[in-house]
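Per-chain numbering from 1; labels A, B, C and D assigned in written order.
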Amino acid sequence: MVERNKSIRIGMIGYQFMGKAHSHAYRDLPFYFDNPLKPELKVIAGRNESAVKEAQEKFGWESYETDWLKVIERDDIDVIDIVTPNHTHAEIAIAAAEAGKHIITEKPLALTVDEAQKMLEAVKKNNVKHMICHNYRFVPAVQFAKKLIEEGKIGRVFHYRANYLQDFIIDPNFPLVWRLKKEVSGSGALGDIGAHSLDLARFLIGEFSEVTATMETFIKQRPIGEMTGGLSAKGDSSKMGEVTVDDAVAVIARFENGALGTFEATRFAGGNRNKNKFEINGKKGSIRWDMENMNNLEVYFADDAEGEQGFRLINCTEETHPYAGAYWPAGHIIGYEHTFIHLIDEFLRGIAGDYQPAPNFEDGVKNQILLEAIEKSAEERRWIKLD
Amino acid sequence: MVERNKSIRIGMIGYQFMGKAHSHAYRDLPFYFDNPLKPELKVIAGRNESAVKEAQEKFGWESYETDWLKVIERDDIDVIDIVTPNHTHAEIAIAAAEAGKHIITEKPLALTVDEAQKMLEAVKKNNVKHMICHNYRFVPAVQFAKKLIEEGKIGRVFHYRANYLQDFIIDPNFPLVWRLKKEVSGSGALGDIGAHSLDLARFLIGEFSEVTATMETFIKQRPIGEMTGGLSAKGDSSKMGEVTVDDAVAVIARFENGALGTFEATRFAGGNRNKNKFEINGKKGSIRWDMENMNNLEVYFADDAEGEQGFRLINCTEETHPYAGAYWPAGHIIGYEHTFIHLIDEFLRGIAGDYQPAPNFEDGVKNQILLEAIEKSAEERRWIKLD
Amino acid sequence: MVERNKSIRIGMIGYQFMGKAHSHAYRDLPFYFDNPLKPELKVIAGRNESAVKEAQEKFGWESYETDWLKVIERDDIDVIDIVTPNHTHAEIAIAAAEAGKHIITEKPLALTVDEAQKMLEAVKKNNVKHMICHNYRFVPAVQFAKKLIEEGKIGRVFHYRANYLQDFIIDPNFPLVWRLKKEVSGSGALGDIGAHSLDLARFLIGEFSEVTATMETFIKQRPIGEMTGGLSAKGDSSKMGEVTVDDAVAVIARFENGALGTFEATRFAGGNRNKNKFEINGKKGSIRWDMENMNNLEVYFADDAEGEQGFRLINCTEETHPYAGAYWPAGHIIGYEHTFIHLIDEFLRGIAGDYQPAPNFEDGVKNQILLEAIEKSAEERRWIKLD
Amino acid sequence: MVERNKSIRIGMIGYQFMGKAHSHAYRDLPFYFDNPLKPELKVIAGRNESAVKEAQEKFGWESYETDWLKVIERDDIDVIDIVTPNHTHAEIAIAAAEAGKHIITEKPLALTVDEAQKMLEAVKKNNVKHMICHNYRFVPAVQFAKKLIEEGKIGRVFHYRANYLQDFIIDPNFPLVWRLKKEVSGSGALGDIGAHSLDLARFLIGEFSEVTATMETFIKQRPIGEMTGGLSAKGDSSKMGEVTVDDAVAVIARFENGALGTFEATRFAGGNRNKNKFEINGKKGSIRWDMENMNNLEVYFADDAEGEQGFRLINCTEETHPYAGAYWPAGHIIGYEHTFIHLIDEFLRGIAGDYQPAPNFEDGVKNQILLEAIEKSAEERRWIKLD
């Protein structure tokens, strides 16, 4: 057991969108929460020296490296945080585990189940703590939903219905960034956003038993383009390359508890910038949530008085709501970045208290198994059992 | 006491927007409700013969008249329904009362309190039933709100907050129709739509004790134009006339029960076609309603469990909700026109059961007193007490 | 061509929920619309004499019959309107066609594709007009959505996403009504409500090319109970019978135009009384609609100015919106029952103008083919092509 | 002009709710924004040593003081940030100005106009930069509203309608905290939350010309209680004290540009935790905003095509929206605390660039004049002109 307020030294590999989100979380954690460990932002790594140096300064890291291996080799690092593109997760995580570092990695865990399982074996063998960044679990409203479900407030679950809708690649001139290349990202909408929906379902109502799915790539060729420049990037349309991942995926699932699930993830749903939502219907109640209004949870209780039944719009910013008490008075909402603070709070508590927090590499493997089953189902046009 | 399913013979004076709404209500009443009286649509009156004849045929009246007095003189008429412009209500209603007819009239009751009181005296002296068409009282969700309040579900009331927002005369070329002339309509937004908000407040939480107000006419000259042609009518901009009523009114009120009220009525709130809404805050709960989604009532109960509190979105289409059981299964919504069916159902039950239904001319007088107090307050720039 | 305002004589077979909705529509049609034909409500038929007599009086029919064949045999009937349970549609419709009557029937057309095709052959052979009551096509907001799509306003369609959620049979004591017996209703949530979603999809974006699906019956035994008593009916729990239809169905579909579809229909989604909704995502825009707020259409246009993009909440009650001009000023909403008025308006225009309106028995057959494909897919656990 | 990335040394006086919000903002500013100045959190002051020490550690300040004067006397401090109760603002600010420090203070500026004006004189005389924390101006959606208005997108303004609704003191056992004592806080709902609404109105549409108002204290005696313990604090009901501020206030206002305003601020609106909202109606469009969903702006444009008009729900998280580009991809929302980051960003840019940012003490004085006019109007029951 680590003593209270002892430092924990972080080395981060990668520095883009997720690097920024994780960096911020480490910085803000002690401000809001009494975590037994206080993160020290020791080193951030990336191949592009000027870019990683800029990130180091802006995000407040003590130093930077251009070779990730050096970060792992350093003795003054307790935790490796992996925020690189998906195809590099396995190699880095396994090296970090071998070096005895605790590991937190972005999702999806890996490109394949095989890789993912090797990663899980490595962390288990080396007895390090591990976590995967399914950050949406840590929205207070989602945590509160989990609590309601665990307390039996909605009863036996009949339906889980999830959409994750984005719209940033509808323009055919949006370039062939790494997220659109199978060898780097593993899959498209499925692994990038669908993976979150699948994890939330597992978190909230339990394991899948089988799936059937279809996948589609609406725009099959795109201009080859730089990966920088944000979502409004334009490629050079004179050089076209093949999109090798899905633009959209639809899944029907069955759960071990008998519930029926439907899932859809797409980057072609105009007007939905980041519409990550779910609805759960149970015998005693229903729950609805939508990331674009993430502080709200809509809850229906079937045993409310007749005539007075209806979805309640609960603003999960009260002291009684998970994590919310650390912030502002009720009604003052928080945002996307807080999910990472909560996740890292849990991670460091696991390290400090010597328990294995979740979601972790086991969840990552299960998520990967699901992703692979869905891809297989889409390819072979049949139901795939999970076991 | 009239026997069950006996006919009651209706004579209607006027035939435009409200004539259509009332005509429809008489026709639909027996279809949905077991009212002891069955309306017979005997005669409809209007000065423009071709127009009233068209209305007679379309709305299903047996006959028409071009002289309203003839309708009142007919022996085969039990009820006079007045849907003419406001300045004619008093003369017609008093004549109808003298002739021993039951009377239902559109709001506002009259142009002045004095007129309104004479109307009330006339119906009392002649012992006829009377009703004023504050139809929004009869939305199932509003009736349900009333029930919740009467059952003490929201406790002592602190606040009543109402807006009635429309936007149909923002265009300066919208012509100088009768609703914009004081001598015909009495007032503008105040009497036309604000009157509804004031009536709902009285219905739901009780009597006003004092008011302070301001009124504004944003566009003071408009093209003189025909009154026909609907809301998209255009006037002849070469001949301009003065707008003599308010475009908007704002009121602060105090109620006898200690509650604070705020009211606003305007025809200059772009994007709000018919946004008639209120929110009531009490010690134990709050209620919100909006006519544009009239089937929904939002209700908050302060004694819901901690963390599970939130406005419930109640779709008032269940058998348990007032009037709703007469229609369709839960979740199948009804519309604006049903408010008139319910109001006329109540009116005819009053006639059949020999009780005086509400809202009636007493309510009309009280509403008129409020309208006059508000105008006076706006003119004299001071609080006016109601007593 | 029938002359203007000529009567058309209706005979209705059945008298429950749908009988009420259709009866009302015939009554209200001439009030709101200038249809060339004026319906005469001649006769209503049902086996239970006291019940049909009550319906005849309440709904305003001239006469009643207890034998439906007599209605078809009558010379003074032009149209047969079929609102009986699903297993009787085929026999009645074929007899009506042979008798030369125009036919309007509730959905689904029949219990099987085979039956449905025989019905289609019969109406074609006898050269009568035919219609199937997919009434949700006739919501003004849905008609407006159709118009936007046809005008190319949302461009190439990527996604069609529909849910039809109800919750009236979650209670295990809800009795084994006819809608829960396969031999009477054909299927459960699929045919009752899912059929509407499938029809809307075909109406709005075109034909399906293949489907994969799953179906579930969450409560497999229910008390044998009377079919009367409405949605709050309770059965006699001492006598249990088997539920032979689906409680819920989930479908993934592909359309001929390349769009991806997801559909879900269930009666086990607590808090959703009649949540019939869809979202369509296209290259240039998106559309969302929900029957519980049926007057509203949410529309997103990708070519709105940067920063000013967002779903517009359009209240489809303006003169410019389909059918809406016949009612009230903008912002005064209409309800469920109006869908039937519009549908019958179209049906009678078809008869008067000698064109075949839609949706008709061709649509009914196509819908039945879809229902059968979905059931087959669920049973055989594989994709089924439609051709 | 200060050079880029030069430090600016902050001394904060006070350490509770607002101390936390400001501290966080200084910490996060360089993470998200390229401000020319980098705040150093030098010292935080408070009278309660253990409490201020805890705040110092948690919020990340270098040192603490128990005497605020010492902070002002320190040479190594450039900025004084005042987050103490309202009655202390004037003394501290004037001392800070005399010491040549730049000043940022919480609102309201002071307890009286007189005090406020002295503060303004002091900052002017000493030529220091000054700012008042009307943080809601800095919500990206509000900044975007401002931009739309300035570009003429909604045209001449007719109406400004604002509510600020809270519900945290409805329980009569909530203790007599400092916010309920006039000598400490100046006023109640008016100065605490109403002041924000008034400032937003000035920011968005311009200056007030006159007001009429009423104020109410619904619960006149409360248990004397500790000020700590948060919103769920309970007092000792055996010792009661008088509430000397308003629980609620309602205002009708007129603006110099001819617009009509209505304002309401209350702590007695059950279910509204922090419902700070406004609607603006102009000739060419309308704008709606609500702090509980602060990332969304609803905008209506009257010149959208006929039939396609409706409020657009704009999620102001795009790169094009003010401040939003510093955070996450579109659709990933931010929260309450970011308003302070933006405000302090502007403050430090003013210091660095030697311009006087807004809102500043001039705005504070104007706000105070409004507060005083409203109180006077409520007391004297008459309109008060502002000049």
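We take it that a contact is a pair of C-beta atoms (placed from the backbone, for glycine too) under 8 Å apart; a residue touches a chain by one contact, two chains touch by 3 or more.
Quick caveat: nothing in here was measured; it's all calculated off a predicted structure.
Undergrad: Chains shared as neighbours by chain C and chain D?
TA: A, B
Undergrad: Using C-alpha centres only, name the chain that sits farthest from chain A.
TA: B
Undergrad: Calculate how many whole Å lie between the centre of chain B and the centre of chain D, each centre taken as the average of the chain's C-alpha atoms.
TA: Comparing mean C-alpha positions, chain D is 41 Å from chain B.
Undergrad: Quick one: chain A and chain B, Cα centre-to-centre, how many Å?
TA: Chain centres of chain A and chain B, defined by C-alpha means, are spaced 54 Å apart.
Undergrad: Centroid of chain B to centroid of chain C, CA atoms only: how many Å?
TA: Roughly 35 Å separates the two chain centres.
Undergrad: Which chain C residues reach two or more other chains?
TA: Within chain C, the residues that touch at least two other chains are 272, 309-311, 315, 318.
Undergrad: Which positions of chain D touch chain C when the two form their complex?
TA: That would be residues 144, 299, 301, 304, 306-316, 318, 320-321 of chain D.
Undergrad: Report the residues of chain A in contact with chain D in the complex, numbered from low to high.
TA: My answer: residues 17, 21, 23-24, 27-28, 30-31, 58-60, 166, 168, 230-232, 272-275, 291-295, 315, 317-319, 327-338.
Undergrad: Under the stated contact criterion, what part of chain C meets chain A in this complex?
TA: Answer in residue numbers: 154, 158-159, 161, 163, 165, 167, 170, 212-214, 216, 218, 247-248, 250-252, 254, 258, 260, 262, 264, 266, 268-272, 279, 281-286, 300, 302, 309-311, 381-383.
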